[in-house]
Amino acid sequence: MTKPKVAFFDFASCEGDQLQIANLEEKLLELLEHVEVVSFREVMKEHSDDYDIAFIEGSCTREADEARLKKIRSNAKIVVAIGACATIAGINALKNTRPLDQVRKEVYGDNAKWYETYAARPIDAVITVDFKLHGCPIRGDEFLALCKALLTGQKFVVPDYPVCAECKLAENVCVFEKGMTCVGPVTRAGCGACCVTQGAVCWGCRGLVDDPNKNAHKEVLDKYGLKAEEVMNKFNLYFAYQGGPK
Amino acid sequence: MSGANLNIDLHYITRVEGHGNIVVNAKDGKVDKVEWQVPEAPRFFEAMVIGQKWDVVHHITSRICGICSIGHTLASLKATEAAMGIKISEQTLDLRRLAVHAENLQSHVLHIGYLALPDLMGVGSVIPLASSHPEEVKTVVRLHRLANEMSDLICGRTTHPQRLIPGGFAKLPTEEELENLKKRLLTAEPDVMAVAKLVKALSPKLPAFTRETEYVGLTCDSEYALYDGDLASTDGGREPVSKYLSWTNEYCVPQSTAKYTKRKRGSLMVGALARFNLNHAKLTKKAQALAKDLGLVAPCYNPYMNTVAQLVEVAHGFEDAVSIIDSILKKGIKDETPNVKPKAGKGSAAVEVPRGILIHDYTYDGNGVCTKANCIIPTNQNHSNIQLDMEALVPRIIAKPQKEVELALEMLVRAYDPCISCSTHYLKVEFKK
Amino acid sequence: MESLYRPELATITKAAPMTATEKYFEIKLNSGRELGHKPGQFVEVSVFGVGEAPISVSSSPTKKGAFDLVIRKVGNVTGKIHNMTAGSTIGIRGPFGTHFPFDETKGKDILFVAGGIGLVPARSFINYVLDNRKDYNRVTVLFGCRNPNERLFTDELSLWAKRDDVEFLETVDKPLDTNWKGNCGVITTLFPKIKIEPANTFCVIVGPPIMYRFVIKEALDKHIPRHHIYVSLERRMKCGVGKCGHCQINGVYCCQEGPVFKYSDITHLEEAL
Amino acid sequence: MNAKILTKENLLSFVQNLIKTGEVVGVTKKDGKFAFDHLKRASDLVLDYDVTLLPPKKYVMPQRETLIKFNVKPEVKVEAVVEATPFTLIGVHPYDLKAINQLDRLFEENHVDTNYMKRREQATIIAVTPTRASKWSFWSSMNSIFVETGFDLLLTDIGGRYAVEIGTAHGDELLKKHAKFEEAAPADIEKLESIRSALPKMCSADRKINALTHEMTAILEIHRKSELWEKRAEKCYSCGSCNLICPTCYCFDVKEEIDLNLKDGSRYRVWDGCLLEDFAKIGSGENFREKRADRFRHRFFRKWSYLAAKLTEPACVGCGRCSSVCLPDIADPVKVINELKEEK
């Protein structure tokens, strides 16, 4: 059996997801027994347009990105969006929440017209995406699980329940009990509630679950004393593209 | 004369973080154009943080860069704390000093081992080295993982840390965990020396190119400045970070979505080599000895030696981290819950991150909502220097075959270890033709 | 105490595609042991490295030395097993669950109503009855599927059609553009064509969830008593041994008290049909 | 009544001796709350806690438990795995113990679950009488104040000293081997009895279900079609928190993992929850309990009706954990059952 050829690409992003993959180290080397990496700009010089699986990090933020994305789609059999920027437009979509002209003017002043940009979009808003690896950043072990599923011809299963479930399994004290608030109740699990486990809150980086109870959560946030604007900020940090409660 | 015509258009240079292009046009031995371009998509972080509260800003700005996310988080927290007059405890300070070491270690080891070494060994990536030089690769992997685990323990994740919050830590390492970390850090020395031996053996392959320039970094009297210090230059001068604007005159060039910086000269350099040139006397004795052994002597004007300077900082980092842990353990870990009361103010702060000085500057209103932000990224400060280095280098090597010229230029860019995602966080200055 | 969860190894002895989504497999337990199932029971099939899925046994217990499975490609395990060929090793746990009333129906009339892949478990009982034909009175088989391409066991269907001791009727929802000459319409359209003696008839219904309500209504309209109607229900039977909780229909474990239920036993369970 | 007495000091050295000789799990502080965890030293043990974040169930039914190991290459091999080594569980409150007793029955009935039973056999349980109740607890309403079986030893703080009741010969042996104790004096027994008789009042007055346990089942059955299910479920996140912290929930999912060499792997079970959206979804995509309200109602019926029929009492012990973790505050059995009771 020939090894599937794998390529990595990035768009508007911090490249932290590819770093998570590079950080797999020995496991990455072990994975290379089964796949051939033909393009990974962050760590290798070689590049080829002959690949089976394309991993794409980052959001589409300008027209110029679309052509590049379409080329990747036509070259690859399987396209995987990796990381929040690619799956849900991530932090990049924060700029979508305000009038784009204003944002551009704020940043570029009179020269705004020289810099091409539009509202940040996830990859699947431009091309068909076969799989999504959620998170900001992605988890190395979830990347490996996806690779194994692809190599063994299995379905790749992403949890479709809120982070709360995993937060309970992690035996964390609920952040609401600690006087903080979070969006874990509407955010897709699969992270093991890692941020809460590390003392922070769930920010929502894996995006909304398929059927989030956004209105119930808005009510809960209200109950915990958040102003309307603060509630929207909570939802917009990562869900700006997917949308907040009504 | 061979190679008199050059047409180099290296699109998306590899083994650096982010997108950068090199364009060189030469005809009949005369250089028409040498250009370092940064075509990365601009990301508007300044606009993103406006309207956000003080306790989210560091989370957002961490996303400027995956590889320097700990540095961005720390610079962000320090700026927020400066704006609101928040004092941090001695324990927080010590742990944050460890955090800076952790990130510098993992980033430097990654750069030396995975990004720079393949050039010196004549291969395209670390992947073939895994089978041709398994021991060397294992050594690098071991060091890198140790640095990552140190980041995980202190910061709660290597990429986009979770434990670092305004005023202190969301979660503290236990004394037992720190003891274990210390034990592991102490085992790193032979590995560092093994990498040093390898780099020393390969160092003749580093081009002997020099161009005198200005080196800028943080400096402080008590230690090799990383977490804190004043702005200082090899051209002389020392000022508090609040005066950063006069040190980092940013400007734009048409070929880049990232800003360029200069101070008094046409360019300046920040990063490990700059820090070494400025503060080498404050390195640990072992790190100083290693520098000498590797032929790194201040002032060093060869940008390719930045990789060697990083290696010296790795030796320093492992050793200094052990003494910081000792001092924390001596005092014992105390439970401290940061208690921040937001207030209006403006504050700026700097941290020495792997690629040089990183400055964040925020203004908050009375509700702790950010109204203005500015971030000065190390790689931006180096762009002009890369451009001027290329302009100086190309005529010297123009007679060589195109492939060799390409490699020399790529290696030059890589030596700066540029972080291009970082540097395109936003643009705001005028476009100059 | 033997582990409940350790599958025994088994070998695929025959594999043949039946439709675009269904594939036939003949399985032999490596130990040489007979599966020993009863019509209507299921096994948990393991593809190691992928997982387990509950699959109805399709062959009659009268078939010895091996048993049949027909597997629809829907998920991970079923998708993977579709790529497997004769000689491959899989795992088997079971048989599990309740069975069709092959004893109580002796000497009685049986009306089989199978929709689509529902023929797979029904076939186990149909063939059992045909192999012991003298034990049973009238046998009627109604089979319906969406289109002619989805017909299963076509060879056996024509054999049944030829037999004069079986009344076999079939229909397709849509004939497509094939030379289908038979009945068209949903399976309930076959009911007016048959004559039954309700008090003496047992009705066995197997098909997709949507089918049950309509077919049961036809059976009741024909005055077949509730306790003579049997259905086989599909649920997420993960452990097969009444522990994991996924297959519960109200309080009933489908893997233990099902998959074959007497209709009169489940009329009060709002989650059943 | 028969009891031994341990001074605080002797209790500590008893626990320390247990730690020296084997794995000990006890209640420890966690982030301002309490959690069962591996005990490194006796002084980390907390016995005057209200409730732990997760019930001690996690040690008899681990969150992740390997069931089989296999190889796919070069030839297929499979072996059963039973992960069970001896351990002592110390500080279990009666309601959590009652839950374990229920699990014992459910895992043993019909098909014996070897993985559970073998692990359970390895557990030594030292229970403790609560000194305080969490503000959500309603164990008084669920007959979970006293438990007669399931513990090897039962500790009760009788004011600076501990009365130890012996539940099993193993417990007796353990005490004799590792502890310095004295016989209880009549005054100690009197104190113990007065503490026990005060226990029913420990749960706060507003945490009372206004029905006897068997009446609760009847109330649910009558109101199977109540609007309450729909109304409460409107606010349900389907997050499964109420399932995952429950001491009597034992639903599990079975998953498979293959190593990166694509040759070896294992099959394991993990906790699951019937409130999660995909709980009853099958491979073809059909979801047999797709509506939030149906899942929400199922949890109550499973505990108060379906399992109650097997256990002859509800599979709820009144620990109050589900009430405390439900942010929209819809899962609280006290409110649900009392509300249903008020319904016509």
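Think of it as A, B, C and D in the order they're written, each chain with its own count starting at 1.
Following the convention adopted for this analysis, a residue touches a chain if its C-beta (ideal position, glycine included) is under 8 Å from a C-beta of that chain, and two chains touch if they have at least 3 such contacts.
Note that the structure is a prediction, hence the values are computed from the model and not measured.
Counting C-beta pairs in contact, the pair that comes out ahead of the other among C-D and A-B is A-B. The most centrally placed chain, judged by C-alpha centroids, is A.
Greatest centre-to-centre distance from chain C is found for B, with centres as Cα means. Centres computed as Cα averages put chain C at a distance of 40 Å from chain D. One inter-chain figure worth recording: chain A and chain B are separated by 25 Å, centre to centre, where each centre is the mean of the chain's CA atoms.
Per-chain CA centroids place chain B at a distance of 66 Å from chain C. If each chain is reduced to the centroid of its CA atoms, chain A and chain C end up 43 Å from each other. Shared interface positions of chain D, defined as residues touching 2 or more other chains, are 258, 262. Multi-chain contact residues of chain C (touching two or more other chains): 49-50, 75-76. Residue positions 152 of chain A are each in touch with at least two other chains. Chain pairs that touch, as defined above: A-B, A-C, A-D, C-D. Within the complex formed with chain A, the chain C residues making contact are 49-50, 75-76, 79-80, 83.
Only residues 67-68, 70-72, 75-76, 78-82, 106-107, 110-115, 117-118, 224, 250-256, 258, 262, 265, 267, 269, 272, 274, 279-286, 288-289, 294, 298, 301-302, 305-307, 309 of chain D touch chain C when the two sit together in their complex. Those residues of chain D whose C-beta lies close enough to touch chain A in the complex are 30-33, 35, 53-54, 63, 234-241, 244-245, 258, 260-262, 271, 273, 276-278, 292, 325, 327-328.
On chain A, the positions that touch chain B within their shared complex are 10-20, 22-23, 25-26, 29, 32, 37, 40-47, 58, 61-62, 65, 90-92, 94-95, 98, 103-104, 106-111, 114-115, 117, 136-137, 194-195, 198-200, 203, 230, 233, 237.
Residue ranges on chain A touching chain C, taken from their complex, read 152-155, 157.
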